[in-house]
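Dropping the structures in below, format is structure tokens.
Both complexes shown next keep subunit A, but they swap its partner, so subunit B is in the first and subunit C is in the second.
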Partner chain A sequence: MMNMTEKMLEQIRDLFEKKNIKLFIGFEKGFEKFSRIPAFAENYDEAKSMIIDEFETPLLAKYLIRELGEVGAGAVEKSERVGILTRGCDYLSIRRLVVDNIILRENLVIIGIPCNGLIDPKKANKLLGEEAQEITVDEKIVLAKGEIKSREINKEEILLDRCKKCIMSKVEESDILLEENMDDMEVSKDYSAVEEIEKLTTEERYEFWRRQFDRCIRCFACRDACTACNCRKCIFDITEPEMLEKTVATSEQFMFHFIRAFHVAGRCTACGECEKVCPVDIPLGLLNGKFKKDIELLFDVDEAGIPAEIEPLGEFKLDDPVEW
Partner chain B sequence: MSVEFKPNIICFACNWCSYTGADMAGTSRMKYPATIRIIRVPCSGRVNPTFVMKAYQKGADGVLIAGCHPGDCHYNSGNYFAKRRFLLATRFMTFLGIDEKRLRMEWISAAEGVKFARVMREFSETISKLGPNLRAREEA
Partner chain C sequence: MDKLLRSNVSRLLKKLSEHAEIYAPTMEDGVCVLSKLVNNYDDWTLDYVRTTNSVKDIFFPQNEEIMRYKNANNDLNIEPPKPFKERVAFGVRPCDAAAMLLLDNVFLEGEFYDSYYKERREKGALITIACEKPDQYCFCTSFHSSPGATEGSDIVLYPADDYFLVVAVTDKGKKLIKANAEIFENATEKSGIVENYKSMKTPIGNNCSPGELNEKLKNEFDNPYWKKIARRCLGCGNCTFVCPTCHCFAVCDVARGCDGKRTRTWDSCKFQDFFLMAGDHNPRPTQVERTRQRFMHKLNYFKEKYDKYQCVGCGRCVEKCPVGVHIADVITHMKEEL
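Then we have the complex of A and B:
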């Protein structure tokens, strides 16, 4: 993976030298071991700390709204460009923003990197039985070393949950592709978790969700992390009419999660970022997954996670299912 | 002391067909239960599924959405959009554990006063059998 980082730095230097970009967004090492955080560079020197490896990374696309989001209003020059490091899941989110007319594709320089799934260090720690001090990845075998033990782990076992449900491992439309994907990750549709809840009785389902939602502290992290949540004025911030009241009550929690899930229905790219940022671990992916599953089932859509020009709820067909 | 349960039912009726249909039922002196409160909306496409959740929250036991028959929409396509939206929303509410029988959608034209009265009677009966809705409801 090291040479990939070098390749990227070379490309970044190239881009900055030719004055092609004003900003580059990538990843660098975080404060915790194996954590990766977003990094912003306005020149090549600042970009030197950037790194590409196989640990869990945050989604970068949302930052593009801040950097390029005012194109429509004329605040961003058409020639101003931002470079961004992109994996398949990031690419879907970027496409979401482009399709939604939040940013323009011309303002972007997409550097595509191959992805065969990212590693969750927490899972490695669990398997190792102690905190790993060193994790090295070699193709499909991961070697985790702790202070006492060391262990070889199959990469499949410690993949991120969202990577197991990956729907796009390649970056189509990239401007610069660092490397081709060696072997395509299997693209799989896995709705087993959603189906499990569907099997419960109505009462059990309500109890399940009540227990989940009652933990919610309404920090809105799920909204803030989501690229599909890109409204300029969010309904939760509007007090007139007050669709979501500030009371702490089960009914309000249901309101909040219903509205949030419905507003990204048919627009969610299944990146799993909402679930990841939730401080109380509410399974938001289940809510989004339910909509995704139903849309594919009812409206004859192949893959609802890939942003289309017209979203499923923005169109209709005369032969939609009839229930009433 | 037992008091007979009288449901609270909210009906979102589209201005052009169903609301006029309700008018028709009224002028024809047809009887239907007084448990239903009609809210007039410009089109069934105006009804946001959030309205339904809000109704449940504020104490509705059942919600009925009535619009023009497919192809008859005053705005050409509003009811088709509504249909798509509620195909998803009903399933999602069921997924959250709210009984699917509490939400109903009907196409009622301006001439169908008889149908309006019949649907209201049927729906009121279903909800009476189901009892009060306590899920996702404001603790009052």
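Then we have the complex of A and C:
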């Protein structure tokens, strides 16, 4: 039986042979043993190093803006398409770009793969107490081997943070599905961390966020990794007038973080990428989660942020109960 | 040789705080940052491989006010910043201490020096702690350094059971120990502890040592490899902000009318507007040119100018890059290819 990587490669070869795509975006091995990094192939040969497995990967959708979007033009039809390897989370992000009119679905060839959660190798190392040299996954059991110890670990325990909160493990509109979608992962809506913050007094809450925001180095990685952050020119990059002082004072930090959170409110797909890429571990998911929770409550929707033609914060009603 | 009991560290920091600002690794919501201690001299931790921010923050902070100005009725009044306080950075890693020497090259060498940096450096001391357990991102040994190296430090502490062996490297370090002699003890043990740290290998080892790579890179301005790795790069610049050797900055005014302050803030070659000029021309229009700039600066231009590579192998950029752009990868690839 062919494994998933082989199946993918076969499809990619086919796509290039039929001249269906000009580029394929997937993953390959990085420098470290378990790092999986984005890879770009313009022909089948370049794609040969691509791989599918269960280790942590970044999301790929954001690259589509650069590869397919036209700055300032809105989505336009392209003569050549781009193929992309897609899990559920990536699929939501792709849909975000399509719904926001950044790219056209027709310009894409989506190779969908089922997913029941990715492994965070750092967590495995921590549990093992040393750097794992070998990690093998058998359904729900992970075997991690180091130089000294080896240990069986429940996959649950070392799931990537974002996978624990996954709201979409299926790819609904793939052009090619490598394997049947599995049943949805079991995820119960968990706002407990958000609720913990809600319980704090205003002063305590301020103190908590001040501490987090003061750590921020304003690299904007959170923005750069986010597919909901798809503005033509980000307000934080505008220098005339300067919306955000370059100085990293507390007031400016609050300004930046509030605006970032407001700008993705209702459009954030809860992919968790912003929190993952933050070099100083600011819990951005808590802020995004608060918005998500409130929108679900106030607008009576199941899952805020799922990209759709009409979204709670993107719809105008003449009989809106609240005035503008 | 002296030794310092671990249980005496807080006492030392408290004593030093009488005339200096103290910076030490502390845990903040699960993140280890090098931060200023104020009345909490017990809060230092040993539970880190590298601090999230590097020691450059203390001598070349992310933003600083370089002057204030006021222009009332054409009477211009310029106010320089207040003199800086003495400062002691405790718990620095050897790679970070070595990185300070590279920043010294940039900011202190030659005809013009950076007065703000110079003053902080002159008033600063580095107390380094040798690394007990380098992790998979560390590769200081590729840059002729080691988990026990002393370059750039004033004092190096070598962890042993419940104490540190103390090695004073500079006169400043010696004076500091002398002034606080009551906190240190005589070490009688003649073990090979210090030598062990110095000969320790990091997991990546010295396989990524660039050797003479700078010479070869001279002709590689148009190497397609830059395009390949740049395609992945998000342009977030966090690799440069966390790097102890990156030193680019911007100067900007924050003013209301004719009153204002002039500040200096970090900037990054990875940002799309870093090189934007008047007239809207950008000589590094895409991530390809920016990525090449970052690596060429570190592995070629800097070496040409100062005869050192601009990397100490601290592993921060490698750990923090969201998409696995890896300087050791670049070095090994280029060594193989060229």
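The rule is simple: the second predicted complex is superposed on the first by the 302 of 324 C-alpha atoms of A that agree within 3 Å, B and C clash if a C-alpha of one lies under 4 Å from a C-alpha of the other, contacts with A are read in each partner's own complex, and residues count from 1 in each chain.
Rule of thumb we're sticking to: a contact is a pair of C-beta atoms (placed from the backbone, for glycine too) under 8 Å apart; a residue touches a chain by one contact, two chains touch by 3 or more.
Here the structure is a predicted model, which is why all the values come from computation and not from measurement.
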item: First, second, both or neither for A:Pro279, with subunit B first and subunit C second; value: second
item: Touching partner for A:Phe31 - first (subunit B), second (subunit C), both, neither; value: second
item: Subunit B versus subunit C as contact partner of A:Ser192, first or second or both or neither; value: neither
item: Subunit B versus subunit C as contact partner of A:Gln212, first or second or both or neither; value: second
item: Partner chain in contact with A:Leu313 - subunit B first, subunit C second, else both or neither; value: first
item: Touching partner for A:Asp237 - first (subunit B), second (subunit C), both, neither; value: second
item: Shared subunit A contacts, counted only where both subunit B and subunit C touch the same residue; value: 249
item: Complex contact set, residues of subunit A against subunit C; value: 30-33, 35-40, 58, 62-63, 131, 211-212, 215, 217, 219-221, 224-225, 237, 239, 245-249, 273, 276-277, 279-281, 283
item: Residue ranges of subunit A touching subunit B (in the complex, touch as defined); value: 197-198, 202-210, 243, 249-252, 254-255, 257-259, 261-262, 265, 287, 290-291, 294-295, 298-299, 312-313, 316, 318, 320-321, 323-324
item: In the complex, subunit C residues that touch subunit A; value: 28-31, 33, 52-53, 62-63, 135-137, 203, 228, 231-232, 234-238, 241-242, 250, 252, 254, 263, 265, 268, 272-273, 318, 320, 322-324, 326, 328-329, 332
item: Touching residues (chain side subunit B, partner subunit A) in the complex; value: 49-50, 53-54, 56-57, 70, 77, 80-81, 83-85, 87-89, 91-100, 104-107, 135-139
